Structure formats: structure tokens, C-alpha cells
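Both of the next two complexes hold chain A, though its partner changes from chain B to chain C.
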Partner chain A sequence: MLIATLVVGAIGAVCALILGISLVTFAVKMDAREKEVVEMLPGANCGACGFAGCAALAHEITVNPEAPMACPAVKEDTIKAIAALLERDMGSLEPAVACVRCKGGPQEAPSRYEYVGPRDCRSAQLVAGGPKVCQYGCLGMGSCVTVCLFDAMAMGEDGLPHVNIDTCTGCGKCVEACPRGIIALVPKTGTYCVSCISEDAPKDMKKICSVGCIKCGICADVCPFEAITAEKGKAALIDQDRCRKCGLCTGVCPVSVITGRTVPEKARIIPGACIGCGICEQVCPTEAVSGRAKEPYSVDPGTCIGCGLCLAKCPADAIERYNA
Partner chain B sequence: MHYILLIISAALVNNFVLSRFLGICPFIGVSKSTDTAIGMSMAVVFVIALASLVTWLLNHYILVAFGLEYLQTIVFILVIAFLVQLVEMIIQKVSMPLYQALGIYLPLITTNCAVLGVALLNINLKYDLLESVIFGTGSAVGFGLALTIFAGMREELELSSIPKVFQGTPIALITAGILSLAFMGFSGLVK
Partner chain C sequence: MSPFKGGVHPPEEKALVRDRAIEDFPLGARYSVPVQQHLGAPARAIVKAGDAVRKGQALSEPQGYVSVPVHAPTSGTVKGVAKVVHPVTGLLSPGVIIEADGKDEWAEGLPLRRDPFAMDKGELLEAIRGAGIVGMGGATFPTHVKLNPPEGKTIGTLIINGVECEPYLSSDHRLMVEEPERVLKGIQVAMRVLGLDRAVLAIEANKPDAIRVMREKAPGEITVSPLSVKYPQGSEKQLIKALTGREVPSGGLPMDVGTVVQNCGTCAAIWDACSAGVPLIERITSVTGRGVRNPKNIRVRVGTLLRDVIDFCGGLDGAAKIIFGGPMMGIAQFTQDIPVMKGTSGILVLTEKDADIGGYSPCISCGRCVEACPMGLIPSTLSRLGERDLWQAARKSGLTDCMECGCCTYVCPARRPIVHFIRHLKALSRSAGSKQAKGA
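Right after this comes the complex of A and B.
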């Protein structure tokens, strides 16, 4: 009895001693702030930042002062709080949201066979390339809705997934989930998006879908910022870095395939800075600018579409945009 | 040849999960995706091999010497827990990538009955030191094999339409039973 107690006690004591020593010898310095950063991050471990979960990102931004705040799901004020905690500049990410680039539900774009397998787009895609005749269109099984960690997506009555822009964090889970690459991330403010990625020739596309991009290229011609590329044999694509959210493309698209949500913005001329050159009047696509040479010009808010063309061309930086 | 048979016996014929029914908790708990299953398997192989070695030494040089074999279970639990903690600390210092790869699974298996099971079986089956380590590694590989296969099956299950009453753990247990039947096919291969 005594020996047993002593032996077990001794083993325990030796173990404790070794652990105690190794705790000091093998100590890895951990930044106490790292834990706080972990708590501030969303905690969904969605992996959108490119790291293995929120803790890994927290470690990276704490240790490396150059590391960008890669989490697309945190709110602006959280980023500021983290920046204050770590005493470093975080920069900011333009908040992104998901955009479903297909308008062809079962009504507009029919199926070629009846699919009865698991209700999952990836499974459906494996069966002879998916039930939809259009090889680029949404399969409508809602895999993107299922993977959304933030309940920001829902299947609409039209058989297509819809994004709730207010709850979408732009984590990109749905982008990965879609086997056809239909979903893209676009900037949250004033998003314009061509809702079609079909590469079929217009006459073939028209036979299988009534709402797709016909690749006419009018949008590319009208875009004042050369933000739209309409390559031959591809649906028009908007370069979100160049897009200035003027919305001209939505107006001219003959098939209304360009969707967008504009922040109602208008241009106004700062009277003191205007040199009265009249360039704005010449470039304005809606003739909203008026005035006389060498005198400050003015913008009629009623006709201004907030395209920002005048802003881009003004040599004196005398035009600003404001939320109307 | 003896050692090869020992590995086959431990990994396939007397598979830890599917015929000895040890380590069921992680078998159900971390088998939802193949990635985590592989991480867990690696950690288990590592710890069991190490635990076999240390517990055998401890048993022969301390417990047997003092005539305290009846304390095996409690001492082994103590030592395995200690060992996992120590190894975790050392890995964190020495090899950060390995630490991150094993991740949460290393501390999780501190209390895994498969680890204790191997340590006790080594003693009961009267293996020598080398045999113990080989048996331990073989068992752990068998555990990892079963876990990874099972995780693959569960990933497929996620996509199937399962009656509501069977969704989640029930269908997982039924699947485990069928997988166990498949492994029963190895019985008789090695004594």
C-alpha cells in the first residue's frame, strides 16, 4: 500500500517536474493580443481570408505588421478596433457581396432531362453535365444557399438563388460551391453585374434561354470608363475596379441582362474651383450640365445620372459626387 | 515476417475500431470530413507509437520491479496524459508546421481509450519492446484507415437523401456496422 502510493506519487511528481521544466524550456511566446483579435473576428472559420480559420488569421495579423486584414466578413468598426488594439494601420477592404450571374430560371431556360438525384448542384453537374440545356446557367439546386454561413442567400420563386446584400459578407463560400462558377464577388456599393456568363453564340443561346447576354457589345461601347469587355464569344464582363457605377450600361442593354443597385449619386460643381472650361458640358451624356464659358457651370440634379464622367474629365477637380 | 503479420493483424484483422470497438468517440466525432480524419489519424499514430514505447518501459522497469502490476491502468492514464502534453509543447517549439497540422487533435486524444487500450494489450499479450511499438503503430494505422474510410463514406452520405429519423449519427452508426462487417472478412487471415 505504502509502496504503491509512493511509486504512483513519484511517477506523478516526475511527470509534473518534467512538464514544469519543459514549460519554461519550450515556451513559445504568444502575443496576448492575439486572443483578443480572435474574439473580435467573426468566428465562422469560413476560410475566406485564405488562412485555416479565424485563429490563424489573428496570428498572422498580430505577428506580421504588414499582413493585410484579409477577413472580408468583419465590419468596418471591428477593423478599426483591431487596428487600435494592434497599434497598426489596417487599411480597409471594399466590402464585397455575391452576385448570381444568371437570370435563367426553369421558366426562361428549360431542362433537357429530369434530374432525380441529390438536391445538390455539384451532384447534378456530374450527371451528363447537368440537367439545364444551357451549359452555363444556374442549376437551381441551391448549393450556394446551403453553404452560406450567414443566411444571406435564399432560393427565390423564380428558381434562382438571391443574395441579401445587407447580410452578405462577401466571404466567397458560395463562389466555391457553385460548380459552374456563376457567382462572383462584386463591390457592395452600387454594384453592376452582367447576369449571364454564357459563351454560346447568340443564336444558339436564344434557343435555350430567353434572358441571356446576346453579346451585342453595346454596353462596352457606351461605357465611358472602358470598364466593360465584350470579347467575341463571351458574355460581357464588367471590370469592377474600373466601373464607376454610372449605370449607363443597364439603360442601353437590349435584353436587360445587366443588373445593378445604384447608390443614388449626383454630381455637383464646386463654384469656387470651376474654371468654366465647359468640358463637363461636352462630356455629359444626359445634358445635365449647363453654363456659360469662363463662368461656373451647374448641374441639374434632375437629369444627372451620377455617372461621374464629368468628374473624370474635369481638369480642375471642381466636381464632386454626393449622395442625393 | 512475424512483424509484418503483427502489423496486418493489428491493422486489419483485429482492427481497433471495427472489431475491438475501441476509440469509438473520435470515430464518430471527427469523421465528418476526410481532412480532419486524416489529421486525427496522424496524431493517433504518433501518440500510440510513443505511448507503446513509454508504457512498456515503465511497466517492465518500474511496475514489475516493485510488483505493482495492478496499478497499470491508473499509471498508464497518468503517463499518457503527461506524454501528450509534453509532446505538444516540444512540437510547438521545434516544428510549428507539424504542430499546426496536428492541431487540436493532439490534445484531444489524451483521453482516447484506443491509446490506453494499446498500452494494456501490449502487456496482456506479453509483447517485447519492439513488438509493442510495432503492434501499437499497426493498431493506430488500422484506426486511421477505418476513420478515413468512414469519413469518406459520411461525406457521400451528406449528399444522399436519408429518411429523417436516420439523419446524422444513426445512419453513421449503421454505416459503421456495415463497414465492420466488411472488416470481418479479414478474420482468419492472421491468427
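Right after this comes the complex of A and C.
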């Protein structure tokens, strides 16, 4: 008994010694900060940054002082924390979220045959181009929901996927998974998008879907920033770089196909700085500005849509935005 | 000895139409001719609404070498080039709508009278291409490309595929029994194009009358070779293995082992094109299955609507599924407003009992699909990879060698749609490939 204990103990001691030596000799030299960065990243290994996973991105941004913060899924304060840790400017990514550009569930846009195969949109797309009559519409089998690593998508009762804007990180996994290219990324600050990508002529589209874009072009006409293009034969498309989240388009769309969350921001005039030129009154698309020449103008918060046109045009920098 | 590995023996079901003589489908009032009826580069419609066309006139212009035109099936007026449902892709694609004038007048100069055996290789290939001939077994690959192997590839064997191993179908069978001369003359033209002095006509042993007729009529240089009955005996690679013992390498083509395979219906079309300049505007097809009242073999113009064909065959009776092609590899259709195409070897109407539509359950690893796979793959593994979108791993397991013959799905006791999973993986692999190409 005693001998056995000693023998096993001795073997253990030798092994421990070998392990101890190799731990020192073969240690992988790693920046201590790298580990901390890994812990701050989301840990979903979604690959949206272009690296193999969170650890690979952490390594890159730690060792390479030029590498930008490529993770779209981290929050603004996390980026700041990582920047503070690495003692350099990380830049910032405008947070994005997914937008499902189809409103035609089984009720609004019918199917042309019964699909009985695996419940996967990409699979269904292989059978005669998918069961839905509309060739552009959502197949409703939730491939986007399945691939979401952040539980930010769910199938609604209307048979369409819905995005939870608060948990969506804009990693773009769902965009890749959708065989019809229905999902797009939009800025989180104002999620305006035209919820239809049909290229069918309006009269053909109306036969197969009651909620699609009718390509009337009113939104493009009304947009003060020329952010909407309504090309012939295509659904209207919002240029997210130009969109100023005013929300005018959502109000005028006759089929309510434009969706978005308005940022509760308004403009107000700083009385002391206003020179009373009246330019703001002229440019305001909603006639929210009123006043008399050479006297300070005022903005009616009820009518102001926060588009910011007046800010851009004011020669005296006398207009500011505030959270209403 | 087994001619090739794996394979299955599904019920033949050929008795429904096997002994019915080919009937001519009467001239219809309206035709819808899809512009894309071949594999390869698209063709472009060259007619517009209001144009008068005559039978055999070209309606489209090929764009590129691997591309062929389509032709007017009868004389009449073009109503327009509309978006019509394509029976193969299921998507809307351009099709020429023709309203027949009932006169059925040939285009200027047709049919010609010429001797194909006095023409040289280039002239024959041009005639074949101009006639819009594609592989009529169903794959619709342009025939002139197959008959013109690139420099450096020596062709020693021409195999004519009269196997028709798909259950239910008998169109090639009837063609060989009723019109053996067209087939044999066409084979001789194909031999002339390839510069060969012999050919092998392969027929499955379940068509003894076709074998007898062909043996009686065939000239010495064409050997008629009966093959044992096993699906997929009519697949190119399996056919080559059974007849020559050679195996087409993975990712390779029949020409890599010195062979060219042509369907017997294609040969008949080659003869029409080369001897009379008649384009491919009609074909023989089996309308069969227990869901149609009077199963028939018909000679039908390309562009005839399925609805009219079904009416001609007595209408539907308890139909649950309509398939273009055979039950193993055919394509299910969701509407009757689709045209018969150059590659429509059969129109199969299954009843609910025969279609056996239902769900599937997890793989139990029984290995039956592995035994059945004629390509030596492991379909069970591929199907499980398909459920998880793991196309990279599937590529390492021979994904691209799968020809989607359906043997695995046929034998699966868990009723898993294995071929569908494989097609899903192939689609994922393709889209990843095209994304990479875009990025580079």
C-alpha cells in the first residue's frame, strides 16, 4: 500500500515537473490585454467581422494598432472600453439592425403550391423557385431566425420574421441566409426601409400581393433629401447614407409599405443667435417654422419632424436639435 | 455479375403505355414556346408581337456556343413574348406565345431534301445546331457541343441510350419499335460527325420487342446491346461502365474515357435535321400514371400546353402530383399552364397513393442508401450535413459526384428527402463559390 502510494506519488511529481517546465518553455506569448478584449466581445463567433471568431478579432485589434474595430455587434460603450484598454482610438461603427423587406405573409401573398420538404427557405427555394406566388416575397420558413445567434429574430403570427431592434447586433447572418435577399441592414438610429423588393409591375403585383410597393414614386417626390429612388420596374429604395430619418415618406405612402422608427428629435431656434433671415421657414418641408423677418423665428414641436434641413441651411448656426 | 455498383429495382409500371402506339396530337390553337429549353448560355427572342411566323422558323437567337435556338411549332401570329412559368425552374421566364392559323405551313424552303452522308462534319454540326437539338432524355444539353469534342480528346465509342430506365416512361421504347429507321439513320449521321465506324445501341432487357426490331434493322456497324434491368442503367456514367467497363473520373465527362452518349430520341431528331432541315419542334412523350384517364404515347409539338395534353388524354382522375419526366428524377409541377418542352420525355400523373407525400424522420443509419448509391457515396451522411448547411464537409464527401438519381431517397425507410438535402448543399456551395468569385 505504502509502496504503491509512493510510486504513484513519484510518477505524479515527475509529470508535474515536466508539465511545469513545458509551461514555461513552450508558453504562447500573448498580450494580457488580448484576453480582456476577448471577454468584452460578444463571444458569438458569428464571423461578421471577417475573422474566424471573436478571439481572432481580439488578437488582430490588440497586435495591430491600425486594425479597426470590425465587430458590428458590440455596443458603443464596449468600443469605448476596448479603446481605453488598448489606449488608442478605435473609431466607431454606426450600429445597424436588420430590416425584413416584405410585409406579405400567407394572408396577404398566397402560395402557388404546397411545399412539404424541410422547413428551410433555401430548401424551399429549390423547388420550382419557392411556393410563394410572388417571386420576391418572404417564404416564411424562418431560415433567418434559425441562423440568428443573438435571439433577435422570431417568426410572428403573421408568418413573417420580426426583428427585435434592441437585441439585433447587425451582424448580417440573416442577410446571408435569406435566399431572396429580403433582409437588409439599416442604421439603428432610424430604421427606415421600404418593406418590399418586388420588381413586378404594379398591376401584376396587385394580383399576387395586397401589401407590396406599387412603385408610385410619391415617397421619392416627398423626400427632402433625395434619399429615395423609385426606378421604373423596381420597388422604391432608401439610400441609408442620405436618409435623415424625418419619416415624411412613411406618412405619404399610400400602401403604408415604408416602415421605420422615428427618432424623437426636434429642432429649436436659439432666440439670441437667430438673425431672422427666414431661410428656415422656406426650407422646412412641414411648415413647422414661423416668424417675422428680422425677428427670432420659432419652431412648432408638434409639426417638426426633426429632419434637420433647417440646421443645414441656417447661416447663423442658430438652430439646434434636442430630444423631445 | 452486376454491371455497375448499387442501383435499385423500382416497380416498372411501364405496362400502362408500353404497348400503345404513338398517337399524333392534333394541331392546337395556342402555343407557348419557352426561349430557354437547353442547358447553357441563354438565347434571345427575335420575334415580337404581331409577327407572322411559319412552322420551323427560328424564334430565338443563341447567345454563345453552348446555346441553341427554338422554332415555331406551327404557322400563325406571335401574340407576344411574355413571362411564362418555366417547367424546369418554376420561375417566370420569357416565352413566345403563338396563335396558330390552322394552316400549319412550313417556313420557306422546308422541308429540304438532302443527303446527310454527302455533307461534311462542319455542315452537319451546323445543321444540328441550327435545328436547336438538345439531349432529349431530359438533360437538354446542346447536342452539337457533345458531338464536337475539344482538341486532344479522342472518341472511340459512340453509345446510343435506348435504356429508358425511369419507371412508367415508354417514349423511347415506342420510338424504337415504331420508327427504327429514323433512329438508326440518326446514329449513322452521329457516327459520321464523330468519324467513327461503329456504335453501340443499349436497350434494357425489359423491351424485347425494341431489341428484336433494332436487331433486324440495324446495319452491321451498329451493335444492339441488351442490358440487365436496373435503375439508373440509363445514366451516362453507369451506362459507360456497364458497356465498356470504364469509369468516368470524378468531375469528368464521358469524353474523358473516349465515349459519347446520345439518347435515341436525339438521334431521330438529328436525322430529321440533317436530312430534311427540320428543326426540333415535336417529340414523342408518354402521358402516363394512374391519375390520368387514358394514358397514351403522343407525338406532340414543343410549346403545347400541359392542360391541352391532359384533356387529350381524357382528363385527370384522382391526380395528386404531376411530374415532367419520370418518378425518380422528374420535376413536379404546380400548374397545368406550362408547355411541353424539348426535354419532356414523359408527363406522369400520380394518384395520392402513388405519390406518397408525407413527412420524414431522422436518419437511423441503416445504410440502405449507401448500398443503393450507384456513385459510391454515403447519402446518409450527406443528408445529415444538408440539415446543418455544412456544405464544405459535404464537398469533401463527394457532393459534386451526386447525379441526383434518387436511389437513396427511394430506399430510405425514414422517408428522408435525401436528394433534396443534397441539392440544398449544392446550392449553398454554388452561392458561396459565386460570392468568392465576386470578392476576388
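One rule holds in what follows: the second predicted complex is superposed on the first by the 294 of 324 C-alpha atoms of A that agree within 3 Å, B and C clash if a C-alpha of one lies under 4 Å from a C-alpha of the other, contacts with A are read in each partner's own complex, and residues count from 1 in each chain.
By definition in this document, contacts are C-beta pairs under 8 Å (C-beta built on N, C-alpha and C of every residue); 3 or more make two chains touch, one makes a residue touch a chain.
Keep in mind that this is a model prediction, so the values were computed, not measured.
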*asked:* Output check: A:8 vs chain B and chain C. Expected answer is one of first, second, both, neither. What do you get?
replied: first
*Which superposed partner A:118 touches (first chain B, second chain C, both, neither)*: both
*asked:* According to the stated criteria, A:19 is in contact with first (chain B), second (chain C), both, or neither; which is it?
replied: first
*Regarding the shared-chain residue A:135, is it in contact with chain B (first), chain C (second), both, or neither?*
second
*Name the chain, either chain B or chain C, that contacts more residues of chain A.*
B
_Which of chain B and chain C A:127 touches, first, second, both or neither_ = second
*Could you tell me which stretches of chain A are touched by chain B in one complex and by chain C in the other?*
118, 120, 123
*In the complex, chain A residues that touch chain B*: 3-4, 7-8, 11-12, 15, 18-19, 22-23, 25-28, 52, 56, 118-120, 123
*In the complex, chain C residues that touch chain A*: 89-92, 331-335, 357-359, 386-387, 417, 420-421, 423-424, 427-428
*asked:* Which stretch or stretches of chain B touch chain A in the complex?
replied: 58, 62-63, 66, 68, 71, 74-75, 78-79, 82, 85-86, 89-90, 92-94, 100, 159-161
*Spell out the part of chain A that touches chain C in their complex, as residue ranges.*
112-113, 116-118, 120, 122-123, 125-130, 135
